[in-house]
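All remarks here apply to the structure that follows.
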Amino acid sequence: MIRVASLLLLMIGLYGLLSTRNVIKMIISINIMELGVNIFIVSIGFVTNGVAPILTSQVNSSLSNFVDPLPQALVLTSIVIGLGITALGLAFARKLYKKYGTYDLAKIGGMKDE
Amino acid sequence: MTLITVLITLLTLAAVTYLLSLVNSKLGAYFTIVTSLATIVMLFLIKDSIGQSYSLSFFTFKLTTVGWYFSMVMVTVYFTTAFLNPFWIKKMIYPAAYNLFFLVSLIGTIGMFFARDFITLFICWETVVWTSTFIIQMGKSRKSSYVYYVVSAIGSMVTLFAMMLVYQVSGTLEISTAFSALSGQPVLALIVFFTFILAGLSKIGIFPFHVWLPMAHGSAPHTFSPVLSGGLVKMGAFIAYLSVTAFAAYEVFANTFTIMGIPAPLYIIMVLGAISIVVGTVMAIRQDDAKKLLAYSSVANGGYILIGILLYDQIAFAGGMLHLISHALASATAFITIAIVAYRTGTTKMSELGGMIHRMPVTYTVYLIAIISMAGIPPMGGFVSKWLILQGLADRGLLFLAAAAFFGSIGSFMYVFRPLSAVFLGQLAPKYEKIKEANIMMQIPMYLLTIATLLVGVFPNVVLRVIADIQLEAGIQEIVLVGNTIVVSNGVLDALRVFIVFGYGFLIALVIFILRRKSRRVTLMDTYTSAEFIHTPELLHYSSNFYAPFERLTKKPYPVLNLYEKVSIKIKEIGHMAESLFSSSKPAITIFWIIIVFAIFFLGGVL
Amino acid sequence: MTVMNFVYGFIVLLAAFIFQTALTGVNRKVTARIQKRYGPRWYQQFLDIFKALRKGSITHGWVFDFGVIMALGGIMATVIFIPVAGFEAFPNMDNVFVISYLLAVGMLGMAMSAAGSGNPWASIGVSRALTNMVAYDVPLMIVIFTLIFAFDTASVSEIAAMQQGMGVLGWNAVRMPLGGIVAFIALFGMLGKKPFDSFIAPAEIASGPMVEYGGKHLGFMFILHELMTFIEVSLILSLFFGGGSSILVYAIKYAILYTLVNIISQVMPRFKIDQAVKFFYRVPLVFAIIQGLVVIFLGWGVSVWF
Amino acid sequence: MNNPVLLIVIPLLLAFLSVIIKKAGKWLLLVGLLFNTALAFFITTGETIIGGFAPPYGINLVVDQFTLVGVILINTLMLITIVVSFDLVGKYSIVLLTALAGINGMLLTGDLFNLFVFMEITVIAAYILSAQAKKYHHTITYLVIGSVGSVLYLLGIILLYNLTGSLNMADVAAKLPLLTTKELLVPVLLIFIGIGVEVKLMPVSGWVKGVYSNANRLIAPLFASVIAGTALFVFGKLFVSVLPVSDTLTLLMLIMSVMTFVFGEFAAFNQKRVKNILLYSSIGQAGLVTALFISGLVYAAVILLISNVISKLIMFTIAGAFTEKYETDDYESLNGVFVHNKFTGIAFTIAALSMAGIPLLIGFYAKLNILIGFFQAQNYVLPAIILLMAIVEGAYIIKLLLALWAPGKEGQVSEKSFAVEKKQLLSVKNTIICLIVALVIIAGGVLIDITEKVVTDGQPLLGDQSPSFTISQSKGGE
Amino acid sequence: MKKIFIGIFVIAFSVVFLLAISNSVDLFTYNDSLSSDSVSNGYINKNVTKNQSEVIFNETTDAETGSANIVTSIIVNYRSFDTLGEVTVLFLSAIGVSLLFGSTGKLAERKKSGFILRTAARIIFPMLLVTGTYLFTHGHLTPGGGFPGGAMIAASFLLLYLADEKFVTAIEKIKLVEGSAGTLYVLIGITGLVTGGYFLANFIPTGTVGQLISSGIIPLIYVLIGLKVGAEITSVVSRYLQEEVTS
């Protein structure tokens, strides 16, 4: 069920991108999409009543079935990339605001769509 | 002295000319004359090694008589026009580039005529196209060189498609053997025929593709128009020759239905040729600019050449080939004379000129002989080739083509006479009082061309013997030449005897004229004006809208150029639609398109 | 190509000139009769020509003279080539295209000298003459083309020979009726007779191209006109009306044909030049093409009476 | 020592160092570029493992002949672009070094997720570089579309992982045939759209106009030739050797890329500004290259890619110089600009004519190979379209060249006096470099045997056996 | 009005999208054990190169990676190239932000923060710092690692910004830390290449699984990553704050 939820999150992100003109809202919807995909990635590795892939005194490699560690590694990278893009996006948004005085792309587009 | 050494020496000479003209452009221009002369000499040297084939990296060449004949026609035009270069080079914006492109286009044409495989043919063809595009732009208008490039690009791209198709079917790129694979499939043969010949049609300037001719010839630099209309038009004839010989040699159209005894596809192209004769003549009659008029005359004569070559039999084919050289000489001379008039007076508009004969008698006589040949009047070369074509048509009973041919030849009297009377005869405007005759350097080409036209006219058998060899090479029955007479199934012509009798008649008239009393010399202004005294020469010179009644008849014909403009506007609209649809500054639209693409592809994939 | 040919040529030339000028004189009397007057003596035409030749005239430069000489020279050469009742000065040189295009040399010479005279009316006359030529020549050429295809020869004397022997039935005008009509109408255009004479009619702007000619040049023009008439009438006669088996028969048929044309033209109005072109490109052109198709596809008219 | 990993690691090292040694940034960039280009020539085909663990578990760098050509081409191009516009680098040297690492990573990596990471590096570097033109709304559009594309690409990889259990390209390629086409449809489609955004396929390339048309003399060629070239190489590797595509999907993808080709050329025909013409033409050419990759003609695609990338390098540099010196690149108002800068004009003309496919240039050699390839595959419709588009392309290129070379209005003989006022477009050093690159275009077209040996070195590219146009062929086997 | 259309459109698309994804992955049921051919079995049993029978906590010595936390072993050992790339992404965005906002903006005064915040900050700051360092030093044993640790450190600096209005970080020094950490990371990789023959190869013996000083270069790299990520995010945050002030 978690997979359906994550994909719906992705859809909400898409809806956000389609409907808004405001740049900050766009960056937020991108984050929602990233979030959706990340959850989906983790859900791919989910194993029913699996154990976190960390060896402890009670748990060693052959005893129990672990949750798939690879998606978790990938999701970590994907989160960090999402962070990078959001940081950059907000920086562009600030510069946009400083230059045009508004976050609304429609208004900027109208001014001089060079 | 192999063909390869000829081409290489020419390329080195072209490079030397380029370097020379960087130093001093006039010197470079003179060097173009030397190079084209060298080409003629070399062509004669390699005449005896016809039949051999050579190769140079991925170019392969084969020396054929027809290639030699076409190159001779081309080089004579280049050589005689080169004499004009030194006088115009100062006006060019890029003189060095002009000299280089002038020679490179010459080399390109020679390479093309001796090409053995499709790729060499195509490469030389394109080199000539883009070099001449950059020369034409040095003339009056950029639009005309743009239209010139587009129309030839249409032709060459479609021909490239045909070449690749044939290469795919036959497995070999060699022109002479590649078409053999087509004898099997009739449908494929049709496609290949119409696509392959398209480049030829676009270059000769046949009806739907004649749009660039008046623009390019009209506005090209004066010293390149003769080459354009005299020479480069003949490249198209070469492609027509290639396609006809190949298709006939392998009886590709053996079982396609025939119209009036001619395979249907050939007949369709010939009808196009006939239409272009009529269109060329009607449009030529209406022109005010002398160069545009001569350009339309090239369209009309291109039609004759195409019909001649496509008939591909003993008589008309020889007529077509002979018309090639007679038209080349005549139109080159005409353009050179008009160029000299423009050099002296600065304009080629007939309404602004008049009475040049009083200041430039030599140019006048040369022009007179040129137009006699262009109109196809007996003592000159034009008549012999038109006579052959008409006899050929009569022999095969092609009524409609003949009708167009008659209209073309009679019509040519009209449009040929118009520049004669408007530019040379009639009143001399005071502002042209002090212009001088063309200087010696310019007169040399005129004399050469006139003598050549006379020779072709009076002793046609000299050229016809070469054409007979071509007919043998092409595998058709060669024309019968007895001494100086041409014997055809339905007629005999002895051009020399016609000339002698014409001289005899002229002698009698001269004698009568001299016996009578000497007449009093009177100025041109002293004319019978039924009591209405006009003192300004311009008013007394009738040169604008010369054939008003005829022009009223053929009300403004639909300019074919609009067709091309409509297409380009359509392309621009689609481009604009694509641009506004797909790349707008708002990201939402692109994301919308991503979703649409995903949905379509998924549904497409699943169903 | 011996000297004899040239002598014969000169004889043909002289005979043609005398015969035609006399005939013109007679026809001037016939025209007068139609207009209810007596008309001048039959040899009046000779007197006019020789009087003009004796008179001194003005010249507008060497083109003016050269053009006239070239015109007359060209026409004389054409006359020499005309086969008269089987007799040719130069054997098998009587190709139809050679004759019709040599005619054009004459026209060109005259046009050149007229335009060279500097008088705008002359140029206008010339442009009309050339337009008129385009008008009548295309239908005529198509019919001649059909003849060449039918008889598979382009020499006038051979075509004339093929029409001998069957009397009137043999004439091409009968075998190819539409062609005959077109040829007859075209003859009017060629001769510049009434319906198509806007380019040389005296009433038009000072008689068109001839406006600047006087004295010697005018004389040349008269000779030129006579010889051209001879060429044109004899051409149509040999091609369509069976030519003459003997010179006498040829002369009679020639006279009848010329007089007939002259009489018809008296009652005709005068076309404007573009009306002439419009006229020729409607009915005659269609007739010519139909005749051509009939001959090429159905083959009628080649053998005598289908 | 010629380990391909260094191609990625050394630029990264220099980037981190240049943060510490603040002022030496530009020279470190140059060192990095020189090192990379030098090393690129010494790399041999083969596979290098990273971190000591064999492919399906660890990450490896795969260098086959196709990638080798890509690495050499892209590194030399980046070197030329930076050297030509070295004065404009300014404070972007670190970003450029990282971009260099990212690009080499994209070309070399043999792992799908690793490709995603390096693509992100390159794309983020591209966002920063595109912000140089101060048109932030275009950069944001690019960022939004780019991130949507990368999200879809990531989703695609994960689905593939779920089906095949591994991320390594060779391993995935081996396991894919076992799966049904229905299962495979969506991941391949997602990856196609994800890469498509970067490769500039028409419906998804909304960002291109905004970013390219405002880029300056350094950034424009960087985008058009370096980054675009890398994206096309990656697209080729993915869709020829890794992802098998069902024939219905191939047809749809073919339609999309041909649509891009046609609309790109038509839009270019409709433009007034030089840069807009060039950007739409590069979209069109990208469409054609993808069409070639999808239909398996890899050699023709590579040659076309090389010719297109080199021509775009010269033309965008000079177009950038137009805006720099004349403030406008509308070719009507730049009438006769080459009158004063002849050699720059010659370089521009050679590049333009090669794009139009004029013989004896590499563009024509590419066109020949494309035609022969398609005809070999009995496909007659596409060559017809390509040739028609060649006419349209020839038309707008000649119109552009005529406007730039011949000053003066219609009906006037063009003279030097009508030309735009005299300004020097490129410094002498840059003009010489442009001419040398133009020489490569000519050499590529004339010495076609050497070109073929250099590019394929004998082995078929990505297993494509289709014949190419060789000298012996044209002699008709005589 | 337009929003409704977009809403309907997106809903329709999401149905199609779910249908599409369900084609290649089972949306509702989860597999009860790791699929055999998946790559992860290798990671769990650490038998990619060695044929390790079983990994027991505190007993198996010099295993392939020696890291108890298998996810960390993937991140730093098996797929270490990804992490290098990822660190570059962060590095790049930090550089981008600094390029955009220019280097030094003058600091306008900020409003004095509330008393509770000021005192609490002084207590919480060291705790945050300690947990942060703990996270990235114990990356190979417990969940978390360089990235969350770095984020924690950055959070602590943000806290100081909020609490003390005159506080400003020395951006130059932070950049130095960031640069050197990155360089060291790459140098470790290169030494791995020189000694172990593969870039980023583990050239230090991995010791026994579960010990603090075990699994070769992992702790080293995680420390470097922790410092680098902390420095980068702090510099990004401080750029924003400085930019904020001078606008």
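Order of writing sets the chain letters: A, B, C, D and E. Residues in each chain are counted from 1.
Methods note: contacts are C-beta pairs under 8 Å (C-beta built on N, C-alpha and C of every residue); 3 or more make two chains touch, one makes a residue touch a chain.
All values derive from a computational prediction rather than experimental measurement.
Asks: Work out which chains are contact partners of both chain C and chain D.
Replies: Looking at chain D and chain C together, the chains touching each of them are B.
Asks: So which chains are sitting against chain B and chain D at once?
Replies: Touches both chain B and chain D: A, E.
Asks: Looking at A-B and D-E, which pair shares more C-beta contacts?
Replies: Between A-B and D-E, the larger count of C-beta pairs in contact belongs to D-E.
Asks: Could you give the separation in Å between the centres of chain D and chain E, each centre being the mean of its C-alpha atoms?
Replies: Centre separation, chain D to chain E: 33 Å.
Asks: Taking each chain's centre as the mean of its CA atoms, how far is chain A from chain D in angstrom?
Replies: Inter-chain centre distance comes to 29 Å.
Asks: Using CA atom averages as chain centres, what separation in Å is found between chain B and chain C?
Replies: That gives a centre separation of 35 Å.
Asks: Centroid from C-alpha atoms only, then distance chain B to chain E, rounded to Å. What do you get?
Replies: So the centroids are 76 Å from each other.
Asks: If I count partner chains per residue in chain A, which residues reach a count of at least 2?
Replies: Expected reply: 10, 14, 17-19, 26, 44, 70, 74, 77, 81, 84-85, 88, 92, 95, 105, 108-109.
Asks: Enumerate the residues of chain B that touch no fewer than two other chains.
Replies: 584-587, 591, 595, 598, 602, 606
Asks: Do you know which chain E residues sit against two or more other chains?
Replies: 9, 13, 17, 20-21, 23, 25, 38-39, 43, 79, 82, 85-86, 89, 92-93, 96, 100
Asks: Can you name every pair of chains that touch?
Replies: Between chains, contact exists in these pairs: A-B, A-D, A-E, B-C, B-D, B-E, D-E.
Asks: Across the complex, what residues on chain E touch chain D?
Replies: Residues in contact with chain D: 20-21, 23-25, 35, 37-39, 42-43, 48-49, 64, 77-82, 84-86, 88-89, 91-93, 95-96, 99-100, 175-176, 178-180, 182-183, 186-187, 189-190, 192-193, 196-202.
Asks: Give every residue of chain A touching chain D within the complex, in rising order.
Replies: Those in contact with chain D are residues 10, 14, 17, 23, 26, 30, 33-34, 37, 40-41, 44, 70-71, 74, 77-78, 81, 84-85, 88-89, 92-93, 95-96, 99-100, 105, 108-109, 114.
Asks: Help me check something: in the complex, which residues belonging to chain C touch chain B?
Replies: 1, 6, 9-10, 13, 53-63, 65, 68-70, 72-81, 90, 92-93, 95, 97-98, 101-102, 104-105, 107-108, 111-112, 115-120, 123-124, 126-128, 130-131, 133-134, 137-138, 141-142, 145-146, 148-149, 152-155, 206, 211-212, 215-217, 219-220, 272-274, 277-278, 289, 292-293, 296
Asks: What residues on chain E touch chain B, complex-wise?
Replies: 9, 13, 16-17, 20, 23
Asks: Give every residue of chain B touching chain C within the complex, in rising order.
Replies: On the chain B side, the touching residues are 260, 355, 357-358, 361, 364, 368, 372, 375-379, 383, 386-387, 390-391, 393-395, 397, 399, 402-403, 406-407, 410-411, 413-414, 417, 420-421, 425-427, 489-494, 497-498, 500-510, 512-513, 516-530, 540-543, 546-547, 549-550, 552-553.
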